[in-house]
Structures are given as structure tokens and as C-alpha cells.
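Report on one structure; see the data block that follows.
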Amino acid sequence: MSTSAVLYDHPGPRARVRNAVLSVVFGVGLAALLWWVYAKFDQAGQWEGNLWKPFAEAPTWTQFIWPGLRQTLFAAATGMVLSLAFGILFAVGRLSDHWWVRVPAGVVVEFFRAVPLLLMIFFIFYGVPFLIQGPVPAFWAVVIGLTLYNGSVLAEAFRAGIRSIPGGQSEAAYAVGMRKNQVMRLILVPQAARAMLPVIVSQLVVLLKDTALGYIVAFPELLQRGVNDLSANRGNVVAAAIVVAAIYIVINSLLTTLANWLDRRTRRRGFRVPKQTAAPDSTPAGGATVAEPQG
Amino acid sequence: MTTGEPLIVLDGVNKWFGPLHVLDDVSLSVGRGEVVVVIGPSGSGKSTLCRTINRLEPINSGTITFDGTPLPAEGKALARLRSEVGMVFQSFNLFAHKTILENVTLGPVKVRGEKPAAARERGLALLDRVGIANQADKYPAQLSGGQQQRAAIARALAMQPKAMLFDEPTSALDPEMVGEVLDVMTSLARDGMTMVVVTHEMGFARHAANRVIFMADGRLVEDAPPAEFFANPRSERAKDFLSKILTH
Amino acid sequence: MTTGEPLIVLDGVNKWFGPLHVLDDVSLSVGRGEVVVVIGPSGSGKSTLCRTINRLEPINSGTITFDGTPLPAEGKALARLRSEVGMVFQSFNLFAHKTILENVTLGPVKVRGEKPAAARERGLALLDRVGIANQADKYPAQLSGGQQQRAAIARALAMQPKAMLFDEPTSALDPEMVGEVLDVMTSLARDGMTMVVVTHEMGFARHAANRVIFMADGRLVEDAPPAEFFANPRSERAKDFLSKILTH
Amino acid sequence: MHVFADPTNLDAYLSGFLWILKLTGASAVLALVLGVLLAAFRVSPVPVLRGFGAAWVNIFRNTPLTLIIFFCYFGLYSTLGVGLSDDLNLNNFWLGVVGLSVYTAAFVCEAVRSGVNTVPAGQAEAARAIGLTFFQTLRIVVLPQAGRAVVAPLGSVLIALCKNATIVGTIGLMEASSVMKDLINSNGDAVIPIFLVFAGTFAAILVPTGYFFGWLANRLAVKR
Amino acid sequence: GGDGDGGSGSSGAKGIIGKAQSQKKLVIGVKADQPGLGIQTGSQYEGFDIEIAKIVAKGLGVDANNIEWKTTVSANREPFIQQGTVDLVVATYTINDERKKKVNFAGPYFIAGQDLLVKADSTIAGPEGLDGKKVCSVTGSTPAKRIQTEHPKAQLQQFDAYSKCITALEGGQVDAVTTDDIILAGYAAQSQYAGKFKVVGKTFSTEPYGIGLKKDDKDGCEKVNEILKAAASDGSYKAAWDATLGKSGKAAPELDTTKLTNCGSV
């Protein structure tokens, strides 16, 4: 709503009528499109009972979807914890006063942000075993890949978050006698985490979705089990993909809702990222921030 | 009110921001229990002066001594020094993610290693002293500006500082809240706290300060008791400045 | 100074923000050439009152008439009305990506369809009038607050408005810059501009206003000539408020 | 590097990255147009449009891209009968472009929307207060400032898009990641050099792109 | 994951024999998405490969319940063996020289051949008929490669799973699916596709299916070959066929024990 406050004047009576008409016209058009899609799917026999019947049977859920979902959630949860840790570590590393910490941290972050996750996971699974002379389970290939990539993105988000905290906050902390690492730990990182909560959560949503790339190393996650393996048995690949997509959407929406709720709660409790005062120092111009939409 | 050797001594301090000479050979000494008000036009270096005293800004040349020892350059010693010099900012700078009470106890617990319970008790007493004990569990954003600034003063006092620095503590406040903050500061002054106060509140300067210092272009232009300064500013710059802020 | 029919008339205006009754049955009329100062505690609805007059905020009930016609609700007519009412904000709101001169000429060129050359000439004259002709080609961020606010006044004047609204034009300024903005406003008032000014500068209220209006809790509590208001406020709220802002 | 000395492999490598660049280029244009349109929907005063924009973002942002590309083939092409070319590879390419675009548009939309949010409300109010109409306010005041704030996040979205192009391999386009997989399958002894070449190529394309957008954003930033 | 060295038992025997003896269990890599051969129906695996694996395990003294099944895809079979993730691979694993450099093969226990699956009413009668047609296979697989090199006029569509190829065939987006005949037969036999497809029946390659194990596990390989020989003669091989692919009515093939590999000895 804040956007509308920027853009639009408060509507008068004519504007209200115009908006209503637009609503109806667009709504009807949209409904027509959806109907066409439905009819086409019908024509192609995609709504046929035998394609959907498996989803009324318990084994489909207990043997395919749920085990896959469990692997997905487990890998995502592990990846989230690790990439948050990685993110904080490297964000702080990149803000270090010592170039020999700052530069390597920067190289690592930039590299992993630039390499497609698909390649990363594939390499960890097939290449790293040569380096460590032992197998890498698919689970860890996926989790480590997710951690390196999302951790790097989160590192940048945290860094931007930390830099967006007004200088006054750390000055006040120094002024009561805190050391640099206390200021980081007690003041800057917690505030950056809250300020960046929306970005962090969208990145975690990205991470959850990215577990789907585990198919490349046959990691038995939701997409592998619920679409490929299920449809190998039942020949209903489109129906299965629709169900699995719906599951992803529901879970990710729940995650987003949870984050919004947390965000609102912290705001209600009065936490507000302090406004940048017009200090003459050179904080970066506040740009818009969004997650990086890998797979 | 000055007793014994001075607490804060600046001697020939120079500071540049790039090509800008922000502090130009500033020498100043503040005795124990003394209240010094610093005034001057915007950009004259008042904030910078204030901030060099607890080394939030390093200086390029000259020396600053606090309580007999030169300011340490870094590390533990610097942190200890800072904990002995309270600082209050124009924009309050309360820790936005902590409650008022946590703001006040954070320093004692994390820096001084006090027991949380003890710090809490003393914190509440301090909040009571500045008149906002009932706001202890709120977050900064839930308080009015005046209340936030009083909390910031309590936070500084919690470290039991030997001196307090105020950088325009009331200029971000709605006019009807200025009074409550000045009241707290006046009572501190009366209790013998050593204070360096950058402010435009001439009322406060008149009745609470021992000395008024006028700065312009990084230089310390006048240094006189308030009565003398206001009645009879010696420099043109000071006269001009006073005429600007006193007439409207 | 009031001549003929009033320029701005508010009649029984009510406004809610959700459950909050921000303007409570406000009636007010401002004559041509009259200068009305609005004061009151924070949150009392002063800004909202000001903003309803050029319909930056719509109202829930009551009527507002400007120059004999009710405020249009939308579209071209509303834009035309707004171009006839200059507005100056507390935070200046100069267009950050345009130079000062472009800020001033934008309205005349884009809204009035004036020739760029003519607008430019008049713009320079206006900048000269507010004393910042030499800053014409700088960007807002390169100017001091006082200069920015004067540019904002010039921008509003460039539309040759019939009335000007000021919402705390000086409260974001350094004290020594307050004077220069008030000077411009005083000269405007003297030249016969109709003005509604929300401000805490009592000096300005005293010597430039025809009437002072005191608001509290969305209600218009007092409406009197400044001499009368300051010497002898009738309501408790006004007395209390004045005591807070005048004592320190 | 004996693997890339073989001209067939070198060809595969080059054509793999050529597909990536083509996918990125075509999708970037489409996603930008679509994303800006969606952002306009999302900030419009018309509830249905706002709802549509929000639904789009929610659905496409919350579905794995792998599935979206899958639906482009099996939904759009197989079921709805929307074929985009008679040539199998080109058809898959364009289906991939559609998938990448609808997905990326959701992120472009959010970037643009938050860019608009960085413009202080006072800027638009001041514009309205001097009598500018809605479209003038948008064109002269809001968009120029939002545009500058949006450069950096759009840069990130572009970089992610380029990497995401690898996922079009799932419908059979031999883009870089599929080529790498193939090469590794048939040159099991050279896994590490092959990976380094492919990862290095991506880094060589994308790290400078990232710095370029950072530099551009800094240059264009509106000083407040 | 599996123990890297297969565990050296108390008897001192190494490789799978040693592991089977000392731990009484085995990790076997199989396909999970190939009906009739190796398909995961929930927590169970079923198919001809699975039955062969059970026979081998039994011959090594490991009970079927003590087999840990591990899903493999075509691309990770060699790494799985080399890294010790699995002890054996029985997963439509064609024996060829390239792979022999990395792993050892026992068998073959079945000779498949590349073939085409087309719609029941299709006129495509063999790979020659593919010119200008769209043919589908799994990304990077040997059949896909063969089509590319030997029939470059066919347009090759690749997916990561055969089930997608089958769906595309059903929808008419591709004209044929190609891979080993036996895999195609497995799909064609699925109830949901009854009567819709036919396997062309003209193989254009030979795909001897082997059982993969560690390159240096010569003893294990020979032992597996022995077990296969025994299975051919005692009827368990035929039983395995009849319980799985044989259900479609196809008679069990002969297991030609003279063709078994020499387990890498020169």
C-alpha cells in the first residue's frame, strides 16, 4: 500500500468508476483464458480419472510424495542453517579491516554467486570424490551446493544490511566501550538480519526450490520421487507435476507468510530500522533489494 | 566549580577530512565538574570536536589527554576509555532491536561484565531518574523523541562515566519535548558531572554552563563565561551568529 | 488586511485515519492576503489540515472552497487547483534528480505550458528573490537545508499561486538557517500573499501573522490575533503548550 | 587440456555457451517487459490487476524453475498445442525462453516495485502539489528516480537468469551444463579440469557483469 | 553410504566376497524408474534386474532382506562403484570397452538391443524411417548418442527420464522413443499404455547387460559369473524372468553361459 501512496492520488468518484470497469473487463478476460486452458487440458484428456486416481490412493503419498518431501525439507533445512552461518561469516569477512580476510572472502563469494548451482551440485557429486578420495552422498552434494550458492547471496544481503544500519548505531556501541566484534555481534548483525528478513526469507524460498536441482545427482527429493518415479509407475507425469507444483507453492507460501508474520511482529514490537540521518559519510545509496532467483 | 587538574585536555589538535581543515589547532581544557557549552555555525567542527574526545574520530596532530593519560589509539584500552566517557547523540542512536532497559544494561553487562540482575536494578534506577521507568520494556521506536533522548542519557550514565559529551541532544526533538531533556541535563550539571555540550539552546547555555565556547571554521574563536559571552561577544563571527539565532 | 470574500473556506471538515479522528469538525476561513499561523502539539492534525486544502488528503465530510469553488475531486481540475496553491514541505521535497533551476521551471513548463526560455528567465528571477541565484545549476543534495527550502519556496512561487501553504518549513533546518527562510516568508507576507503556515517559530507568528490558530486533538481550539493569543491564551491546552515551548 | 583439443568437444562447449547467451538475451528482454507490466499491475489502484500481479509473483516465484520449464513443454506445447517452431531445438529454445521469462518476470516485478518504494512519497506529493498529473508525476519524477534505484537489483536478476538458463537443459537443449555433463560422462578422468573450464567461463561472464551493474548503480544513484 | 573398501572379512577375502562373508549384507545399485527391469514401487524395488541381483546376493550368501537397494541413474553408475557407494550395480548396465576401463563386469545376464517404441498405428519400421522424425531418449545416454551419430537426420529430443519421453510420444510431440528393446517393452506393457504403443522389434545394436563391480575385484566377478551359470541351469534365471518381464507373455531367453566375461584377465 505504501507504493500506492507514492504513486496515486486518492481516487475521486470518476477514478473509482474507471477502476471498477477495468476490474470487470480484466477479470472477464482472465476467466476466459483460464477456461480455455481448462478446456484444452480436458481435450487432451489430462483430467481423465486414471491419471488422477493415484492421488486418491495412500501409497502414492506414503511411498512417493511424502518420502520425497521429507528429503526436500530435510535438505532445505540443513542448507538453510548452513547457508545462514556461511552468509554471516562471509559478510563479516568481507567487512573485515584486514585485506587478507576481506579479499579471499570476496573472491569466494563472487565465485559462488557466478557459478550455476546445477554445475556446482554436479561437480560436488562427481568431481569432489576424486579430490577427497571418497564418495559424496547425493544429499551432501545438494546441501553443500545450496550452501555455497545461497550462502554467498546471503553474505551479500547481510553485508548490504549491515551497511544500511545507520552509522549512529555502531558509534553508540563504540561509545559505551564495545569492541569491534561485540559491535558486530550484538548490534549490527542482529539488526541487519531483521532489516533483511524479507530478502533472507525469499532467498530461503529460493533455496527450498533449488533442492529440485538434486535430480541431476538422483537425490530422491520431491521432484524426483513425486514426478519422475511416480510417473514411471503410473504414467501420469503431467498430473504428478501439477500436484508437486501445488505442494511447492503451498510450502513456499507458508514460509513467506511466516516471514511476513515475523516481520510484522517485530515491527509491532516497535523494531524499526532507524532512518539514515543525513550524516556526511558515504553510505551507499539505498537501492532496492531482492533475492536472487536461482532455479 | 573547577577542582584540581583538568579532566579533559586538548592541545594543538588538528584534523582534516581530505582537504578540509575541520579542527584547526584547537586547545581546550575542561576541569572536573565543569560544564562547557560549544556553539557555532553548522559545519564549524563542533561535532567533530566532541567526537575526537572519545576518539570516535582520530586526529591528525596534537594530543588529547583524559584524566591524566593520553587517549589510547585502539584495542582494549580505547574501549575502556570510551566506557568512561558517556556520549549522547543528536539522533539518540538507541539500539533499535533492544528494549529501553536492555539498551541501558547492555554496556554494563557486556563491557563491564556486571551481573545482569545488578545491572538491571541500576538500570531501572537510572530510568527512574530520567523519568521514564514506566517505559523500560518498550522498544525505542515506541517512544517519543524526548523519551528516547532521556533513555540515551540513562544508557550513557549506566557506565558511570567520568564525563559526558552531548552533541546537539535536543535539535531532533519536537519543541514541546526539548524542555524535558534539558531538565535532565541541568540536573546532571548540578550534580557535578563534567559535561561538554554542543547545543543551540541558549537558555541552557546561560543558566547551566560554566563556559561557552564559540567555534567557527574549525577554530576555537571565543571561550568565556556565558554572561560575558552573550552580553559582549568579542568576535564579529560570534556577533553575527548570535544575531542570526536570537532574532527570529 | 482581509479584503472581499475569503479565499479559502473550510466548513465542518471531518477526517479520519481509520479509527483516528484527525480533523474534528474544523471550520476556518482565510481571507485574501491574510497570513494564518497554525500551532499545536505534535499529532494534533496541523499537517493534515494543511494538506486537505490542496487535497493531498481527501476529507470524509464537510466542504472546502478555494476562491469561490469547491475543491475538485480529481483529474485536470484538481491539478489546476493545486497549481494555484503553492505548498512548501518540512523536508523540502525538491526533485532529487533535477537541478535547482529545473525544479523551479518544471511546473511552469509542464503544467502551464510556458516556453522554456521564459520559464527559465522567471525562474532565475525567483531564485534571485530568495537569494540563491548562484546555486541554480546545482543539485538539491549539494545545497544546505536553508538553501533547499528557499529553492522549494521559489518552486512554489513559480506557479504564481493565489495562496501558499507551509508545513513546518523551518523545523528541519539548522538554527542559523531558520532566519533566512523566515525572512523570505516574511517578505512574501508583506507583499500580500495569502498564507497558511504551520510552524513553531513564535517570533514569526508574532510579527508576521494576522491570526494564530491553536489546534489540539484535531480540533480548532483557539483562533485569535497573535498579540491576544500570546498574551492571554484562553484554553488550558494552549497555556500548557505555550509554557512548554517558551520557557527553555 | 586434451578434452578441449578435440574439435567436437570444443564445438559442443562453444555452442553450449551460445545457447546460454541466446536464452539469456531473449528472456531478459521478455522478462523486463513482462516484469515492468506486472509491477505496474501490482501498484495500480485496480484491485483485480493488483491481485493478478500478486498471484503471478506468488505462483511463479514459489515453483521450482525446473517445473516451470517442464510445464512449458508438457503444458504449453503438448497440451495447449502452442508450438513455437518446427525445428525441435528452436522449439525447445523458445519454450525455454517462455519459461525463463515468466519466472524471471516475477523477480523483475518485485525489483521494480521495491525500486518505486525507494522514491520518498514526498517526491510524488511535491510533484502533485505543483499540478503535475498522474502520468506526468510518474514519467517526470517517480520513474527516473526509481529506475536508478532498480539498476543494481536488476543486475542481480540478470545474472541469476543467465545461470538459470542451464535449467533449460531439462527439456533437451544442449546448453552449457548439459554439455559439461556429457563431457564428464565420457571423460571421467578429467572431471576437475572440465568443471573448472565451465565454471570459469560462467565466472568470466558474470563477475564482470556484476561489477558493471554495481558501477552503473553507483553512478546513477540519486543523491538525497 | 557404503564402506569404501567393501570391508576385509576375518577370512581375509576381499571385494564383495569378503564383504558378503563378513557383514552378511550388500549395497546394490539399481534403476528406480524402469518398469519390468528396476522400478521403485514405493519402498520396494521390482523387476528383472532386481531378481538377478537377489540371485547373485543369495549365491554370495546374503539374504534378500539384507540387500540395501540404492537408486542409480545412468550417469552415476561408474562413480558409485569406484567410490564404493555400492558394491554391485545391476541396472541395465551395458558392457562396453569404455566402461571396462573403470569397472569390472560380470555377465552378461541378458542381451538387449536398441530399438524403437512407436504408436501402435505408426508406420516407422526401423531406424531408417526416422529421417526428419522426432525421436526421444534420455539426455546423454548411449542410445541418444547412437541416434545422433548414425541417424543425424532424425531430430533428437532428450529428457532426463524415459517417462517423459513416453508422455511426449503419447501426446504426439515425438514420433518414436529409442533405447534398449527390453526397457521399451517394460513401458509398453504398463497397464495405462495397454494397446497404445508397439516395440518395432528391429534392434540395431547389441547391449549385453552386465553386473558392475570394482575394477580390481576379479574374484568377485568370477564368483558372480559362477552364480549366473548355476542360475541358468537350476531354473532360477527363468523364474526371475517369468516373475517380471515374462508376465507380458514373452518367453524367457536362454542365458548363454559361454559368453560370460573373463573378468578382465588378459
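Letters A, B, C, D and E name the chains as they come in the text, with residue numbers starting at 1 for each one.
Please note the rule applied: a residue touches a chain if its C-beta (ideal position, glycine included) is under 8 Å from a C-beta of that chain, and two chains touch if they have at least 3 such contacts.
As the structure is a prediction and not an experimental result, all values here were calculated from the model.
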What is the graph distance from chain D to chain E, where chains are linked when they touch? 1
Chain labels contacting chain A and also chain C: B, D
Going by C-alpha centres, which chain would you call the most central? A
If we define chain centres by averaging CA atoms, which chain lands farthest from chain B? Would you check? E
Report the inter-chain centroid distance for chain A and chain E in whole angstrom, where each centroid is the mean of the CA atoms. 39
Round to the nearest whole Å and give the separation of the Cα centres of chain B and chain C. 35
Please tell me the distance, in whole Å, between the geometric centres of chain A and chain D computed from their C-alpha atoms. 16
Quick one: report the Å distance separating chain B from chain E, using the average Cα coordinate of each chain. 81
Could you check chain E for residues that touch two or more other chains and list them? 79, 160, 164, 167, 171
Tell me, which residues of chain B touch at least two other chains? none
Name the residues of chain A that each touch 2 or more other chains. 9, 11, 15, 44, 126, 215-216, 237-238
Pairwise, the chains that touch are A-B, A-C, A-D, A-E, B-C, C-D, D-E
Complex interface listing, chain C residues touching chain D: 54, 56, 75-76, 79-87, 89, 91, 93-97, 106-107, 110-111, 139, 141-142, 152, 155-156, 159
So, in the complex, the side of chain E touching chain D is made of residues 75, 78-79, 98, 102, 134, 139-140, 155-160, 164, 167-168, 171, 173
Sites on chain D touched by chain C in the complex: 120, 122-123, 125-133, 136, 140-141, 144-145, 148, 222-224
Quick one: in the complex, what on chain D touches chain A? 42-43, 45-49, 52, 58-59, 61-67, 70-71, 74-75, 78-81, 103-104, 106-107, 110-121, 123-124, 128, 134, 137-138, 142, 149-153, 156-157, 159-161, 163-164, 166-167, 169, 177, 180-181, 184, 191-192, 195, 198-199, 202-203, 205-207, 210, 217-218, 221-224
Note: in the complex, chain E contacts chain A through residues 1-2, 4, 32-35, 39-43, 71-73, 76, 79-80, 82-85, 160-164, 166-167, 171, 190, 192-193
